[in-house]
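Residue numbering begins at 1 within each chain, and the chains themselves are lettered A, B and C in the order written.
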């Protein structure tokens, strides 16, 4: 696919889990995102690659409206995120309450896990269900227990984050997101802060999710994972989408010089992921 | 009920005299507290065991006792033992005795913050302890010390208001007199509060500026 | 100096005074927590007047002697129909005064709650109030505990102020006994013991706990705030 080409027939609709169109975001004088568009179908796994400063993390935060873009649209299913049609046709910001509800449908896994240190693993996973979905303690507990089981941490309900390894903490972070049954999960460099020997366990969980048809958008440096698991790879640089396509094509036969340069720096370690 | 500040204007000279007395008392007791604080600090570091225990006891007591109670103790108990002193002497001495342990604490902290390596270097050269203290320790400790010390002095200024209960002539005591003359307590104490507030704010501001400059100088001196 | 029988007889009234001191401390501490949280919350809003009011409040309470504050409160109460209540004036003053320091302690410990934790909560769709109550406050309070204990110890040492408006806490009780039986030294000794016996163990305990606290929880600067 040629760079920055948005297929003319693209329309946010029920077929796409998440759509972003012409996202522009600046921080002060620095334009971090310069017209980025992305469509993710249900069950699709999209990996976003790119050098630091290319705007990848910012893009994720625009998608769940943690950092509302300066221009552009984001759609979750057939509902516009963060904005809606105003009385006179011009879009207006949604009330905070609605935006929070929309966020609860988009999961996010962070590079530094961001667990709450004063709560146990189980409490961390349950909190969203209690606070946002307003389930009863019993219901929340059941869902949380199941989520922890899915990430392989059944025995760690009462463990405090400080007693868990980085890999375990990140898996709790994934469980916390899974428990909310989101329509799409955003991963912001989930393994970048992990010691090498712990990366594998997290990638394994992510592979499992992918195999279960979870819609995922993964910002990562793990080229091997992208090549093996992604349905589509997007390469970003300088706030723009430079190339996008099937992983095999992009990684083995990159068409842009910048992507070639980028891949050169990351020798794919086939054995790792 | 009206709030009429004009009733106070006649008494500005009285209040000013009280304020002047406050400043003078605080300067005296502040200086005394610093001298005592240094003595305590030296005593704790180098004194014989008995002295250290004594000092620790004294420090613990003053930390645990409210200032007002200490003031009353000095004021009421001393005469029982035949020590008759004018109220303001009792006031100044009590404030100094109360603040000396805090000054000592600040001095200790500042000295502890002096990098041990610099002291070691002085010893290696063969400098006497006195020379080390004067030429190596003090210049490095002072910039850390002075801003916090000023903070203590601000506390001392506020505490000087308590001296009014043993009838020492200072701002609060003068204010009480004005209140009994004007029957306008709210107006008088508002003015008094503003005077204290302005003074502490200025001291606080000066401390911050000082700290900013000293931290900069200190860091460049220690540049590695 | 042996204990006068009259002094022994006055022990009950001294003890009552001591109880009132404890009561004042508890009331003041409660008020301090309320005022402190309120002042902090006001500083975090987007409404500028609220922010400025909070900062003024904190600056005033920390910049003026508590004796002046007591008189201002004491003489303001009659204006709202609550005159003749020295205990109320004292408790209110203590709470307001200490609240300013509590607010600063809490504010200083806000950084225990990292930006990432707040981001994760927002990403889940949690409402700001819930985030504050479930995520931020528990961690802030835990980190502030040593400094708060220190603050409330200072509060206890400020309660003798109430004697100036004739609240019969320990100091005033002592003064009343002295006025009756004239043995000032022994009474004052007992009064001193009354305070020291409470404060010393707390300070000692605080040091033992404080040694395990992270450095930023200890606040050497706020050591002296004056009465």
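Brief remarks follow.
Here is the rule we go by: contacts are C-beta pairs under 8 Å (C-beta built on N, C-alpha and C of every residue); 3 or more make two chains touch, one makes a residue touch a chain.
What you are looking at is a predicted structure, and each value in this text was computed from that prediction instead of being measured.
Taken together, the touching pairs link the chains end to end in a line with two free ends. For subunit A, the chain with the farthest CA centroid is B.
Centroid to centroid, with C-alpha atoms defining each point, subunit A and subunit C lie 47 Å apart.
Between the CA-based centres of subunit B and subunit C the separation comes to 21 Å, rounded to the whole angstrom. One inter-chain figure worth recording: subunit A and subunit B are separated by 58 Å, centre to centre, where each centre is the mean of the chain's CA atoms.
Residue positions of subunit A touching 2 or more other chains: there are none.
The residues of subunit B never reach two or more other chains; the list is empty.
The touching residues of subunit C, counted against subunit A in their complex, run 114, 116-117, 119-127, 130, 134-135, 138-139, 142. Those residues of subunit B lying in contact with subunit C across their complex are 1, 60-61, 63-69, 72-73, 76-77, 80-81, 99, 102, 105-106, 109, 148, 151-152, 154-162, 164-165, 172, 185-186, 189-190, 192-193, 196-197, 200-201, 204.
Listing the residues of subunit A that touch subunit C in their complex gives 64, 66, 96-97, 100-104, 106-108, 110, 112-118, 127-128, 131-132, 173, 176, 180. Taken in their complex, subunit C has these residues touching subunit B: 59-60, 62-69, 71-72, 75-76, 79, 156-161, 163-164, 171, 174-175, 178, 184-185, 188-189, 191-192, 195-196, 199-200, 203, 220-221, 223-227.
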